[in-house]
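So that you can tell them apart, the chains are marked A, B, C, D, E and F in the order they are listed, and the count of residues begins at 1 in each.
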Amino acid sequence: MTYGKAPTTPRSTLVITAHAGDFVWRAGGAIALAASRGEKVTIACLTYGERGESAKAWREGKSLEEIKEIRRAEAEAAASTLGARVRFLDAGDYPLLVTQELTDQLVRIYRDTQPDVVLTHPLDDPYNGDHPAAARMALDARVLAQAIGYPSEGEIIGAPPVFFFEPHQPEMCGFQPEVLLDITPVWETKRKAMECLAAQQHLWDYYTDLGKRRGVQLKRNAGPNLGLPHATYGEAYMRPYPQVTEELA
Amino acid sequence: MTYGKAPTTPRSTLVITAHAGDFVWRAGGAIALAASRGEKVTIACLTYGERGESAKAWREGKSLEEIKEIRRAEAEAAASTLGARVRFLDAGDYPLLVTQELTDQLVRIYRDTQPDVVLTHPLDDPYNGDHPAAARMALDARVLAQAIGYPSEGEIIGAPPVFFFEPHQPEMCGFQPEVLLDITPVWETKRKAMECLAAQQHLWDYYTDLGKRRGVQLKRNAGPNLGLPHATYGEAYMRPYPQVTEELA
Amino acid sequence: MTYGKAPTTPRSTLVITAHAGDFVWRAGGAIALAASRGEKVTIACLTYGERGESAKAWREGKSLEEIKEIRRAEAEAAASTLGARVRFLDAGDYPLLVTQELTDQLVRIYRDTQPDVVLTHPLDDPYNGDHPAAARMALDARVLAQAIGYPSEGEIIGAPPVFFFEPHQPEMCGFQPEVLLDITPVWETKRKAMECLAAQQHLWDYYTDLGKRRGVQLKRNAGPNLGLPHATYGEAYMRPYPQVTEELA
Amino acid sequence: MTYGKAPTTPRSTLVITAHAGDFVWRAGGAIALAASRGEKVTIACLTYGERGESAKAWREGKSLEEIKEIRRAEAEAAASTLGARVRFLDAGDYPLLVTQELTDQLVRIYRDTQPDVVLTHPLDDPYNGDHPAAARMALDARVLAQAIGYPSEGEIIGAPPVFFFEPHQPEMCGFQPEVLLDITPVWETKRKAMECLAAQQHLWDYYTDLGKRRGVQLKRNAGPNLGLPHATYGEAYMRPYPQVTEELA
Amino acid sequence: MTYGKAPTTPRSTLVITAHAGDFVWRAGGAIALAASRGEKVTIACLTYGERGESAKAWREGKSLEEIKEIRRAEAEAAASTLGARVRFLDAGDYPLLVTQELTDQLVRIYRDTQPDVVLTHPLDDPYNGDHPAAARMALDARVLAQAIGYPSEGEIIGAPPVFFFEPHQPEMCGFQPEVLLDITPVWETKRKAMECLAAQQHLWDYYTDLGKRRGVQLKRNAGPNLGLPHATYGEAYMRPYPQVTEELA
Amino acid sequence: MTYGKAPTTPRSTLVITAHAGDFVWRAGGAIALAASRGEKVTIACLTYGERGESAKAWREGKSLEEIKEIRRAEAEAAASTLGARVRFLDAGDYPLLVTQELTDQLVRIYRDTQPDVVLTHPLDDPYNGDHPAAARMALDARVLAQAIGYPSEGEIIGAPPVFFFEPHQPEMCGFQPEVLLDITPVWETKRKAMECLAAQQHLWDYYTDLGKRRGVQLKRNAGPNLGLPHATYGEAYMRPYPQVTEELA
């Protein structure tokens, strides 16, 4: 028995993000790794990031609908590259508001996808209020989805572990790497997914550098004896809930 | 490949504690689990706890040497019950002082035991200054033991993960459960080891209650779907360094 | 003069909780102690905990109204056992939402009961969002009830001290025991009140163990010279506002 | 029974400070209050503050011995005004070093004075390292003095509550007022004691202003209904250990 | 080039506060300094503080409209004394609610005033929930006003630095002085502006004492060599965002 | 008047580091900037980093003295490239111990160099205990050097601001960027200085990436209106003491 693992079905990962691009930069490696193991990954994008993260398109004079369409297409291409499926909730960004209706929609997605692992934003981000709003609803919905008394369709869920992925300016968001995930085997896939996001080309290198940086730290924390390759790539995560395990390692 | 695991030798766990009894109450489950998997566990007791944790013996008029002998015998019996080996450094307690000599002795033990996992006290304890002193030296020695330039015998070590075990009054020591270890399979062994510590009988039930309490929380965090037994026992740990992993779970 | 004490009337305690059972597990000792001194204790239950804390009843196929009725009856029996009066606001749980209307109802209760002491949940609980919501409104209403300009019936209140009672998983909620209350004299009463909550029998022993645990710590912090009985029971509280006093003790 | 109070002897307060003047500015009110109730107050000054807090005397060309003598005389006059007795350990300041010998001297003072209450500096002060050094030894010695196995003269002590008094720049030292003590009844006494410290006249008004400021906050936290006088004076304290009590108030 | 300074236009400061008096007590020095340099200062008062900060007027039987009028007149006089312009949003206080409509109004003010510096309340205040509500909206609106995709009139803004001014009970609000501003040159102006607030005369001396206190700390942190005058006055601020600079000083 | 600036002499910067290479990676930009303004920069290297940061040389079989000589030569070349002067205290690393003797040597350097600005390591680093040890002594010595009563040669110093430079794994050291320094004008110089450290070639790119990363964040925090160049480089610093200023900016 391994905690959080059901014996027969493929494992399920649920990624809840504020904007269409977030899952690529911040959790693309985890998603690709899970997919590469034959697991199911569902990404719930609460908005397209049409107002807050599409400055270039606005400057080019694109309309709101055009921008949403571009962002949707890019995100779908990236998700497909990573091996995941993306659902758009189109809740409107900048600001993304915390509402009971949207939280309820997430409850339904939790019950539908029965996740073994949940990924979302950390709870603080002084540069973008949509990220904490998404995280707040992701956590609230997870708790509600566990309650048999909560009136929503589908089976209640267990208590899947939650991981916060890394924000753009981690130190300003109270982000501290608690888990360093080795994404070297899927690095090329993550890079390709990033390249699907044509409008944010300046971030390709930024997140490549970050992948290397976390890889260096991963090697430092794993110890030099493991024979990890020179070019190790990593992603950093936080755990808001304790790890449950049968073995200290 | 699993991080921190060397392929051929049995894994090695090093437990560094201030007093002779600490490893039983606080990490007895982890030790017994590791031993039950055929792994090697070494306990480095910096002192016998002869002054600070032997009030009963002092009231009975025992001499310092007698008390040290009693504590040694009890600790050896408990270690043997758990399946571990204990080394006494006899550095003198209450206060246990941080010294370069003692830190150096620990470097030698690190290099000798080549641990894959390290367990020690957390860095704060307003009720007992020996615990942070032991932890401070355990962490310092681990870093020194990694350096090829540090002049001590033996091979340098890697960067084994460190776990802080739970102090007596966790909330007063900044202790937050980051890892909940399921010790149900070895619970009876831990209980027997506790019963080796005859002078502290009042703690047997205290730590049995704690084991149940952490077990309840473990079940709550693992989710109700896993079919964990009603009587689940747990131990809580903190991680001062990030977890390195190939899979989020 | 003792701070917070009005000379002629019996003292008044106001307990504000999210769900019908919370006051029993977490503050039953404080309530029974106050009642045993002839003081008035009012419990404001914002919800019955009908959705989030009644899993057993839901599994038995009970209806929402049946469950609310069961919870109400249990809570009234427990309150009566403790010597307190309970008011239900039936605001709906899971989620309990922070609203201005509900806050305003609490202002009225503050002004009506003129509390000398206020007890409520702490402001964080990653396992149950209703608890922080209740605490948020309890604190906001307390401030509003102090303002002569706030349009509500009744006399304005002073600045009664607030105590946060202990959540189910204290370390995960930032809970640190700042006050240890000796509830030994009313322990049997608290136990009887717990036994009124038939549906949550698994918690009777959990909170008995916790009472013992906090009792052990109370004795540890009070010092061994006081001759406290072996079986001392305690409850832990936090103070979000500074203690005002005429004597350091 | 009141916690911490022995029935027959007068209560004993122990104040441990780094420099000769600290007890006046920071705890003069608490000392005078205790003395006014007929309690015994002992002040242990680890140094005279001869190097770090006597700039004026150095500029006037006084010798080290002269400065120590001046400081001693001033401190004795102030202590006498407050109703306390002062012991000088003359350990040398700037820097005051944490040593086992000095800690041991404090253990003896603990056992000798058998304090019901302990006052000392907080553990952080980026402007003066002597203050944390004194606090560190005050706390360590308190724990050692409780142990029957610690080899020092005198009876072991209980677990007297500890209060950290307010540093000069509280927000820079992590100081948060957890206890506001009403010192109005002894304000004139504290002012007179301050005026004994002739060399630091610029601090008389600074600490008078602080007394008023904490008085305003005390009234704000006590509530407007208590009829506290307009000119209320206060001192602020922190509690590193939980309060033990029989009643929430 | 100096960061945040546009070469030709006068610099613009935007102060966002909950109540009509806040800007005087807490940021009057910064406002007067900026005005004295010929810069433009705009104060956005979300409410008049008519319910929560006008107890005297309510006790005198004034009506809501009368109180608002009094507060408006006082605030305008004070702003004029300081050299600033004040805009009232009349959003209703006690409680001031966080709404999207009000946030949107602030976005418009940001775009209209194009601030180089923003001053507002810190994000925590257990004594007055209106202050954090104002700060929350001030920060959210600043982020929205930067986005070209956010549908509001006017030009988008840059990323002006934000300063939190000092709350009434700083230590209870997590306030730590990160910037000490020398307001000595404009002290008389600040004092005159405070005296415009006739109803809160008890605060004139409180904030004069605070000005002196921060002045003493400013001199302490600036070093004794600078020849600062004896009567130095200061104001303290926090920076939620990093300082951007060309020189460490 | 600008705070911290003496009118006639060139400004003086003092950099205190544990090992010979630290000043290059972490503060090379600040040093080069100061030098480029004609200021004096003195680097006090407490050790050569001969044991803890010279793994490659040890593996090549070099002797202790050879390694120290190599490190000295590299550091001198780098310092010279940056425009600074370096003093070696040769106190022995891994571990660097906090001693009164070494602190006293630093007092002398403070009084000798009369710094206007001080740069050192942050106070926590779980990967290398030498760094906090150096920082501890740097801060202690700065306080002692201010006291006229402290017996050391030279004039007392003022209270120069302190900046903590960025550690290798910032999030694990409690490091949060509080100041972002634009080092673009001297980037090439910093790169050349890094290339003087031949044995640590793997860090050249790591710290180039970090410079870019901090540059991106600098632009993000400065606002898009400033016309900063695409390739902006930055260094991040913390301030343990409040900034003292005449203007908020």
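Keep this in mind: contacts are C-beta pairs under 8 Å (C-beta built on N, C-alpha and C of every residue); 3 or more make two chains touch, one makes a residue touch a chain.
Everything quoted here is computed from the prediction, not taken from an experiment.
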Note: chains that touch subunit B and subunit D both are C, F
If you check the contacts of subunit C and subunit E, which chains show up for both? A, D
Where in C-E, E-F or B-C does the B-D interface recur, with over half of the contact pairs identical by residue number? C-E
Residue numbers at the subunit D-subunit F interface: does the shared fraction exceed half, giving same, or fall under half, giving different? different
Looking at chain pairs E-F and A-C, which one is connected by more C-beta pairs in contact? E-F
Cα centre of subunit A to Cα centre of subunit E, whole Å, reads 38
Hey, what residues on subunit D touch two or more of the other chains? 127, 172, 177, 217, 220, 241-242
Complete list of chain pairs which touch one another: A-B, A-C, A-E, A-F, B-C, B-D, B-F, C-D, C-E, D-E, D-F, E-F
State the interface residues of subunit C toward subunit A in the complex, per the touch definition above. 50-52, 54-55, 58-59, 67, 94-95, 97, 126-129, 172
Quick one: which bits of subunit E touch subunit A in the complex? Just the residue numbers, please. 100, 103, 139-140, 143-144, 147-151, 240-242
Show me the residue ranges of subunit B that touch subunit C in the complex, using the header's touch definition. 127, 169-172, 175-177, 206, 209-210, 212-213, 216-217, 220
Interface residues, subunit D side, partner subunit C - complex: 1-6, 13, 30, 33-34, 37, 116-117, 119, 146, 157-161, 163, 177-182, 217-218, 220-226, 236-237, 239, 241-249
